[in-house]
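I've put the structures underneath this note.
The two complexes that follow have chain A in common; it is paired with chain B in the first and with chain C in the second.
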Partner chain A sequence: MNTVTVKGMSKRGFVFALAGLAVAALLGYGGWRMWGGPSAEDAVVNIPPAARRLTKLQYTNVVSDIFGPDVRPGGRMEPDLRQEHLIAIGASKTSITASGLEQYDAAARGIAQQVLGQEDYRAQVMPCEPKSETAADPDCASTFLSRAGTLLYRRPLTSQELEQFTQIASKAATETGDFYGGLQLALSTLMISGPFLFIVDNVDQQSDGEPRLDSYSIASRLSFFLWNSVPDAELLRAAEAGELHTQKGVEGQVDRMLESPKLRQGMRAFFSDMLELDLFDTLTKDAAIYPAFSFDVARDAREQTLRTLVNLLIDRDGDYRDIFTAKETFLNRVLASAYGIPVPTDALLDGNGWFRYEFPSDSEHSGILTQIGFVSAHSHPGRTSPTLRGKAVRELLMCQSVPDPPAGVDFTLIQDTKNPEFKTARDRLDAHNSVPSCAGCHKIMDPMGLALEAFDGVARHRTTENGAVIDTSGELDGVAFKNAAELGQAMRQNAAAATCLVNRLYSYSLGRTPGPQERPFLTDAKQRFVEDGYRLRGLLRAIATSKAFLSVKPAPNSDTIVANADIH
Partner chain B sequence: MSVTNRLATRRRFLQGMLQGTAITVGLPFLECFLNGNGTALAATGKELPVCFGTWFWGCGLNPGRWEPKTVGANYDIHDELEPLAAFRDRMNVFSGLRLFADGKPFNPHGSGAIAVMTGDVPSAIGTSNYLPSLDNLIADRVGAGRRFRSLEMTATGDPKDCYSYRGGRVVNSAEPSPVAMYERLFGAGFVDPNAADFKPDTKVMLRHSALSAVTEQRQSLMRDLGASDKRRLDEYLTSVRQLEQQLAVQLEKPAPMAACTMPPKITNAKSDGLELESVKTNNQLFAKLAAHALACGQTQVFNVVFTNAISGLRKAGEPSTHHLLTHEESVDEKLGYQKKATWFLGEVISSLAVFLKELDSIREVDGTLLDRTLVYASSEGGLARTHSLENIPVFTIGSANGRVKTGLHVPCSGDSITRVGLTIQQAMGLPVAKWGTDSNETSRPIREIMV
Partner chain C sequence: MRYSNRGMKRRGLVATAVLIAASQPAAASETRGYVVSWWFVATHTVADGSDCPNGINPRTTEAFARVLKEQGYPQAEIEKRVIEAAEKGQGGGGYHQIMSTRGRDKDGKPVNTYENPERVADPKIKLSQAKVAYGFNLDGKVSSEDFTDPETGEKGIDNQYYRALGCLDTYRATVGVSRPAIPEFKWDVTREHAPAWLIEISGIDDYQNDDQVEVSWHLATTAAIKDASSGVRRDMTMMVDAGSRMKVRLPAKIQDGWLLTDQVDELKLISDPYFGPGYDFKRARVRIKFNEDGSIRGILGGYLDYLKAYWGEGGSYGSTWEYFMGGDLPGLYYAMKKSADADPDSNGQNKSISSTWWFEGVPAFVTHPNRAEAQLSDARKSP
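Entry: the complex of A and B
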C-alpha cells in the first residue's frame, strides 16, 4: 500500500487520497515539446497574498480526492460568485454568508458520518483503532485528525490546532460514550473552519529577508490551478522538503502534475468556468416548445463540451484553435436523440454509455459553438437569441466587452415572433437595429449569433424559421462566413481567441484580473503559445512555473488585524 | 457585552445542566399567554417582535396604471394595483420615486435591483463592491437573538436570484426550494416554543462548544492578508457566530409564541425555473413558510424574490418571456400599453397579495402577523419598455406594530427611492440620519407615514 509521507502520518489509511500518488503512465499524445524555464520577460509582480473561498467544484473534488469518490457532499451549497467573467475571481472576492455556512455545516456533518459512521468505510480511513469505541482515546483521535487535517488544510496542523480538535473529539466522546461520534464532530468542525474553506496564502521569508509564499501555499496554488483540488502526498512532501522554493523543484512537480490524470479534472474545471457551463445548473426550457430538452440533456450537454475539450486539448495535445472547428465529439444516447443522430448499439458505448462521434465533413456542426452546451445556454427558454449567442462569443471566447443596452430607449421596433412580417431573427434584428443607439453594439454581436441560427434553442439543426430560409452569412472582424462551420473557421483564425485563452487561464490561476505590470509576461506567454502550436499543456507549464504565478509581497498593512467583526 | 461572552455564559450554564442526567424544564401553562380573544401575547407581556421583509419583482409597472389619483388616506386603487385592494388601509403607496444613475454605466434591471435595496447605484455590476442592503441593515439590528438572522427565498428556482447584500461582494444566496426551506425551518433543529417540556440536546451543545476552535483561528488565518481580505474573513467569522447563535437558541427554552403552529410539511415542490405557475406555487409555499417562521419566532427578517430583476417570467408554451415582451411587443393602440407584458404584471401583483394574505392569516394580539410586520415591496425600475428609472413602484405593507402610519398615498415626485429605505430604517429603530449615495443620498424620511 502506498503511504502518505507527510511527517507524522502513519502507514495506514486514506487509501483514496493516495490514488494521486501513482504517477500516471504517459498519455498517448504526441508532439508536446517541453518549454524551457520561465522566459526573461517574466515579471516579478509582487501581488499581495490572497484568500480564495473553495468553489463548489473544488469542494466536491477535495472530498472525493481525500475520502474517495463514493463520499459525496449532500444538499445544496452556497452558489459560486462569478466576477469579471470567472468564478475563480469571484472566489477571491466573496465570503461565506450565514445561510452558506449552514450548508457547509450540513455537508461536513454528512461527510463525517459517511466516512466515520460506517464500520466498513471506517476501516479504510482509520490509521489506528481506539482502545474503546465507547470512550475517548486522544492518541488515536489525534493520529486521525493529524492526517485528515493535513490533507484538508493543505499543510500540517499546528500543535495548537491539533490539540484543540483532539479535545473536541475527546469531549464529545466522553459526553456521548461514542469515540467515532466524537471524531465525527472534530472532523466536521475542521471542515467548516477557515483554513479549509479558504485557500489562504501564507508568507515566509527567504534567507535574504525577502518575502515569499511559503512552500505549502505554493503547493496549493499549483494543485488548485492544475487539478482543481488539494495537493497530493508527493506535492506535500516536496513542500515539506522545501523543494518548491527552487525553480527546479517547481518544474519537476509541474511536469509530474501535467502528466497526472487529475489534469483532466483541473481543465474541466477551468473550461466550465471560462464557458460558464454552470448556467446548466438552473437552465430550463419551455417543455411545449422544446419537448426534447430535459434535465438529462442539460447535464449531458455540459459533459459533451467538456469531453470534447479534454479529448482534444489534453488526451490528444491538440491545437486550441481546433475547438472551433472539430467535427469529433462525444455523445450518449440522450444527446444522440437530442441532436437527431441514430443511437448506436451497446457495443459502441463505453462503460459510461458514451461514444465517439464525428459529424460529416460538410456538416454545419463545428466545434463547441454548435453544441447544446453553447447554443442552448445562450438562448431564451422558448426561442433562440442571436444577440445572447454573439455576446457570449465576444465575451467568453474573445475576452471582449459588450456594453449594456442603454436606459431610456424604446425597443419595441422588434415585433413578436408571430408577426408575419418578420419571420426570422435576422428580420427582427434588422428592424431593431434601425435604432442608431442599438445598432453599434448589435453589429459586433449579432453576426456570429445569426450564423448559429441554423441551430434552434436546443441545438437541433434547421434551415428555416416560420417557413423562411435562414440566412446564416456574416462576417467576423473582416472575415466573411456563410454558415456556422465557416464561423468556426473565422474564430480559428482570429488572434483574439488565443489571446483570450492566455488571459483567462492566467486570471483563473490566480483568481484575479492581471494588472498592467503583468502584460509583458502575458504577451510573452501568448507568443510562446503560438510558437508551440497552441498546445494547452505548454501554456499551463509556462504559467505554473513563472515568477508571476508564484510571487508575493506582504499586504501593506498585514501586521494590522482589523477590528473584530461586529458580533450579532 | 459581546455575544461571545454571552454565549460563553450560556454554554457554561448548559454544560452545568448537562453534567447531570437529562433534564426536563417545565413551562408555564400555555393559556397564560392567550388573551380573551384567544390571540397571543408575548411570554413577557411585551409586544411581539417587529418583523421586516422585502418582496421584489422585476420590470416595474406601467406608468399611469398604478399610481392613485388621490393623495393621502382613502386613496383610489385601480388597474394594476387592484389585486391589493384588500390591503389598501394597511398599505402605503409611494409614487414618483426614482433612481439617479449619476452618469455611471447602468446595467438595465441589474443596477436598479441593487440600488433599490442598497441605496447605491454600483459603478459596475460584477466589479463593484456593494453596500449592505436594507434587509441586512435591519437584520443586524433586530434579528440578533433569533435562530435565523434572516431568511432569503426566491421563487425563481435559481439561488443566485437574490438581492441581499452583506457589503463588499458578499451576496446572500436565496433558498430556491420550499422543501429545503421547510426542513431548514421546521426540521431537526426546530424547537417548538409552545411545547410543554424542553430538553436540551447534548449533541447540539457539543457542536456549539466546538465552534470556538474555529473562531479562535482568526489571528493566524488573517496574518498575511490585506484589509479587504480580512474583512471578507471577518464576514465568514460573523457567519460562524451566527451558527453559534443558532445552536444556542436551540439550547434554550424558547419564549412561548401562542400563534406558532407547524405549517403542513412540504415534501414535493417541482421547480420549472421562471415558468409562471411554478413561480406562483413557490411564492405561495414560501409565503406560508415565512409566516409560520415569523409566528414561531424563528426570524424577524425575510427577503423574497418573486422574479429576477430582468423578469424572465414565462407562460408555458410561449416563446417570449415577460422581459422580452416589454421590449418587443407593440403598444396596443386602443389600450395604450403592451397587452401581453401587462398581463404578467397582473400576475405579479396578485402574487404579492397572495404573499401578504399568508402573513395576514395568522391572528395575534388585536391584529395579525402582518400588522407587526413591515413589508417593503418594490421593483427595480419604472416602465420596463424603456428601462426607465423614473416612477418606480414602491409600497410598504403593515405597520411594524404601529411604528408607521398606513393607508396613505404619498406622491414623492422626482425624489430618490432611498427616502423609503431611510424611513423604514428609522421606523425600525436604526440610528441613521441619511441613506443612499451620490444623488440618491437623502436625509429626508417620508414624514407623512412616520408616527
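Entry: the complex of A and C
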C-alpha cells in the first residue's frame, strides 16, 4: 500500500528555540521525497498522486478561512512558480528552499502571535482555558492543537503528530512560564511542516485492494479546486463519514460548494492563474509615456478583469464565450479615469468604489481583451506590442504554442516608434516580417495584436499613431475582423477558446498537464460544456465529480512520500 | 460691481498654439471641467539676473549669521552655530529659538518674531527691479512701478507681490518653464491633503472667439489624485462641494483663443488653512489658455490684503519658512508693506498689494451632486 505519512517524529533532544527551523532544515535538504519516478510506460497508464505546495494566495486564503480575515500573513513568501502556463502546475513541481522556509517560519510565527498573542482574539479561537497561563497544560494545548491541526492539515492529526506538537507546547510553556507562548510555538511549528505547506494526495485501499485517494485528500482536491482554500467543516465531516468515496456523496458536496460564495474566490484564483494576472505584481510602465498607469491602476486593472469574469460566469451563469464580447464591466474612480470615463454621481456618493459600467454598443472596448488587464500586461513598458498581445491570445486563451523568436533577431526597427517612415506598429511589423525567419510566427500572432492597436499601452482608445490612421483589420483562423470588437466576435466563435478553457481548468484542478489517457474524458467534457451553453458551473461540476479528477493510480513500484520530520 | 473686459490688449497675443479642437467651432455649447494641478506666484525670473541687479537676498545661513551678529554673539560662536543649523536642521545651533524670538518688545524682551514682524528692524531685503511680469492692469493706470506682461505685451501690469519676493532665491522661477522646488513641495503636500480646486468653463460655442462664456471655480469634496509621474491624474471624476463657501462665477469671453474674464469685485478661493491661507482677491481677473493636450494654463490677478498675504505666504510657517525658503520673514513683511499699492488707510498706508498667480489644470469630469440640470462637465478629450 502506498501511504503518505509524516513519521518518526523523535522525542529526543528537544531544543525549544530551534524547533521550527529543524523541520525547515530537513525540508531544505530534501527530506521530502516525492513519488518515485514511474517509467515512461507507467506514466501513460497511471495518474500519479501529487504533492502541491500551497501557493501564496492559497496560504492567505487558508489563514483567513481558519483564523479569520483579520489575521494576515506578514512578510514575503516563497515565490510561486509558473510552469506550462499555470502556477497550479508549478506548485506540483517545486519544493521549498532553505530561505523560503525561513520566510514561512517568520510568517507562521506572526500568525501564531496574532491568533494567540492577543487576549481578545484568542478568546475566540481557544476551545478551553488553561489551568494556568504561566504553566504547561497538555490537555488544553492538545484540544486546541487537535482542532487547529485538523483544519491546517485538512485531516485529523495522527496521535503521534498530536503528541509531538503537544509536547512542543508543553516544553516551551515550562521553559518560558508562558502557556500561550508555548502554544504559539507549537502552532507555528505545525505551520511550517510538510502536511500543511503541501497539499498531498494520500492513498489508501478500496475493499478490493485497489488504491484510491483517501477521503480527506478528495476533500482537499475539491476545496482547493473550487474554493482555492481548505475544506470547511461540512466537507471534513463528509470525508470523515466516508461519503466522498461514493459518487452521490461527492456530487452532493460539489453541488453545495458550487453554490457557496467561496466559489468566487476559487474562480478568481483560477482566472488569475489562467490569464497570468500575477504579472501585475511586477508590471511597470514608463511614467513619462503612460502617467495614467500608476500602482493603483495596476492593482485595479486585475480586479476589473476578475470582477468582469466572476460577474459573467458565476453570478450570472453566463456563456463563457461572452468574455470576448461583453460590454459590461466594473470600474472604480481611478480606473475610470484611465479609460477616460466619467463616474456616475450615485456611484461617487455610495462610497463603494466600484460600479457597474457598460461600454456603448459602438465602442471598441468589448470583452476582456480590450481591458487594461490584458493590453497593458502584454505590452512593453513604453510602447504597445501587437506581437506580445497576439502571442498571449494564442497561448493563454487558445492554449496554442508559439515558438520563441530565433536567436540574433534585430528588433531595432520594431522598437523605433518614432521612425517617420514606419509610423504605425503595422508598418514596423511589415518591415520586420520581410525577414523570412520571423514572418512565420508573426503571421499567427500579429493579426490579433494589430486589432488591439486601437488601445495604447494602458488601454486608452486611439485611432492614430504618429498621425497615421491605425488599421485594425485582420483575420483569425479564417474569420475576418475589422477592429477589436470584431476580433472579440471571432474569438467567441473560435472552438479553440472553449477547448482551451476545458483543458486549462482540468490542468488547474490537478496541478498537471493531462496525459493521453485523459483525452477521452476531456473530449467528453468539452462536448458537454458546449451542450450546456458554455456554462462554467456545469464544467466545474463535470470535472469535480469525474473519475478522472477523483482517481489516483500510483505505479506499482512507486515509493511512498516520506517526511522524516525528526526534531533533534 | 462688475468691471468690463478692459485693458487687455490683444496685440502680441501668441497665436502659435492654435488647437486642433479649439480651431473648430463647438457643435453646441460645451462645458469643460478641470482640476487645478499647479498654483504658484507668477514669477518671471530673468536668466541674466537683471531683475535683481543687486543680487538675490541672503540664504538661510547668511540670515542666521546676521541675526547672531546683531545679538552680539562672538564670531567663533556664530560660525559654530551656523554650521550646526546647516547640519542638523532647524533645531541645530539654536536656530529655531533664536530666529523665532529675535523680535523685542518696548522693554527689550523677546517676542514672537513672526507675529510681531515690526518688532524687528527692517532688514531691507532686495526687491525685484524687473520691468516684465505676468498679470493685468488692475487699476487701469500705467505707472513707473508697473510691469509689462511678457505674454500679452500689456503695460501697466499690477503685480507688486512679485516685486516683494522676486529676489528670494527659492521663488526664482519662470512660469511655464520651471517650478521652484520648495514651493512645489508645499503644493504637493497641499494637493494630496486639501480638497482640490475645480474649474468649469461653460457656454463654450467656439474655442477661438466666444462673446459669452462663464468660468466657475469650485472646491471639490476630495483631494486631487496623483498619477504615476506625480502629476495630477487626468480625467478623474471630481465632485463639487455644494456646501462650500467658495462660489466663484466669472463672466468671460474668448478672444483669439484666450479666455478673459471680466474683472470682479471679489474672488475668494478657500484652501486648507493648515497648508494655505486662502485668498480673498479684490478686483480680480483671470486669463486662460486651452492647451493642445486638453489641459489649461492661466493666470489670476487681483489685490490681496498685504498683512494676510504676508501671514499666508510665510508668517504662519515661522522659522520653518525661513529655514527652508531661505528668506527673512520680517524682511518679507516690510517688503510687502512697502510694495502695497492700493486701498490706502487714513494714514496713507496702502492695505492691498496687487498680485498674480499662475495656475494649471488637467481635464476632469466635474459633477454637481445637487444640480438638477447637466450633472457633468466633460473632460476635454486628449488628442
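Quick note on the criterion: the second predicted complex is superposed on the first by the 493 of 568 C-alpha atoms of A that agree within 3 Å, B and C clash if a C-alpha of one lies under 4 Å from a C-alpha of the other, contacts with A are read in each partner's own complex, and residues count from 1 in each chain.
Here, a residue touches a chain if its C-beta (ideal position, glycine included) is under 8 Å from a C-beta of that chain, and two chains touch if they have at least 3 such contacts.
Every value quoted in this text rests on a predicted model; they were computed, and no experiment measured them.
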Open item on the list: Which partner chains sit in contact with A:R299 here, chain B, chain C, both or neither? Use first/second/both/neither.
Closed with: neither
Open item on the list: On the A-aligned overlay, A:L349 touches which partner chain: chain B = first, chain C = second, or both, or neither?
Closed with: second
Open item on the list: Under the stated touch criterion, which partner chain does A:R519 make contact with: chain B (first), chain C (second), both, or neither?
Closed with: neither
Open item on the list: Contacts for A:A288 in the overlay, against chain B (first) and chain C (second): which applies, first, second, both or neither?
Closed with: both
Task: chain C versus chain B, contacts on chain A by residue - done: B
- [ ] Have a look at where A:S337 lands relative to chain B and chain C in the superposition and call it first, second, both or neither.
- [x] second
- [ ] Would you sort A:A50 into first (chain B), second (chain C), both or neither based on which partner it touches?
- [x] first
TODO: Please work out whether A:K131 is in contact with chain B alone, chain C alone, both, or neither, and reply first, second, both or neither.
DONE: neither
Open item on the list: On chain A, which stretch or stretches are contacted by chain B in one complex as well as by chain C in the other?
Closed with: 287-288
Open item on the list: Going by the contact rule set out above, which residues of chain C touch chain A in the complex?
Closed with: 225-229, 231, 233-237, 239, 365, 367, 369, 375-376, 378-379, 381-382
Task: Parts of chain A lying in touch with chain C, wherever the complex brings them together - done: 285, 287-288, 290-297, 333-334, 336-338, 340-343, 345, 348-349, 460
Task: Contact set on chain A toward chain B in their complex - done: 48-51, 75-76, 78-79, 81-85, 90, 93-102, 105, 158, 161, 164-165, 167-168, 171-172, 175-176, 185-186, 189, 192-195, 197-198, 200-203, 282-284, 286-289, 380-383, 403-412, 414-417, 428, 554-558, 560-562, 564-568
TODO: Please give the residue numbers of chain B that touch chain A in the complex, ascending.
DONE: 2-4, 18, 101, 105-108, 126-127, 140, 143-144, 148-150, 152, 157-160, 166, 168-173, 175, 177, 180, 184, 202-203, 206-207, 209-211, 213-214, 216-227, 229-243, 245-246, 272-275, 312, 314, 316-321, 324-325, 327-331, 338, 340, 385-389
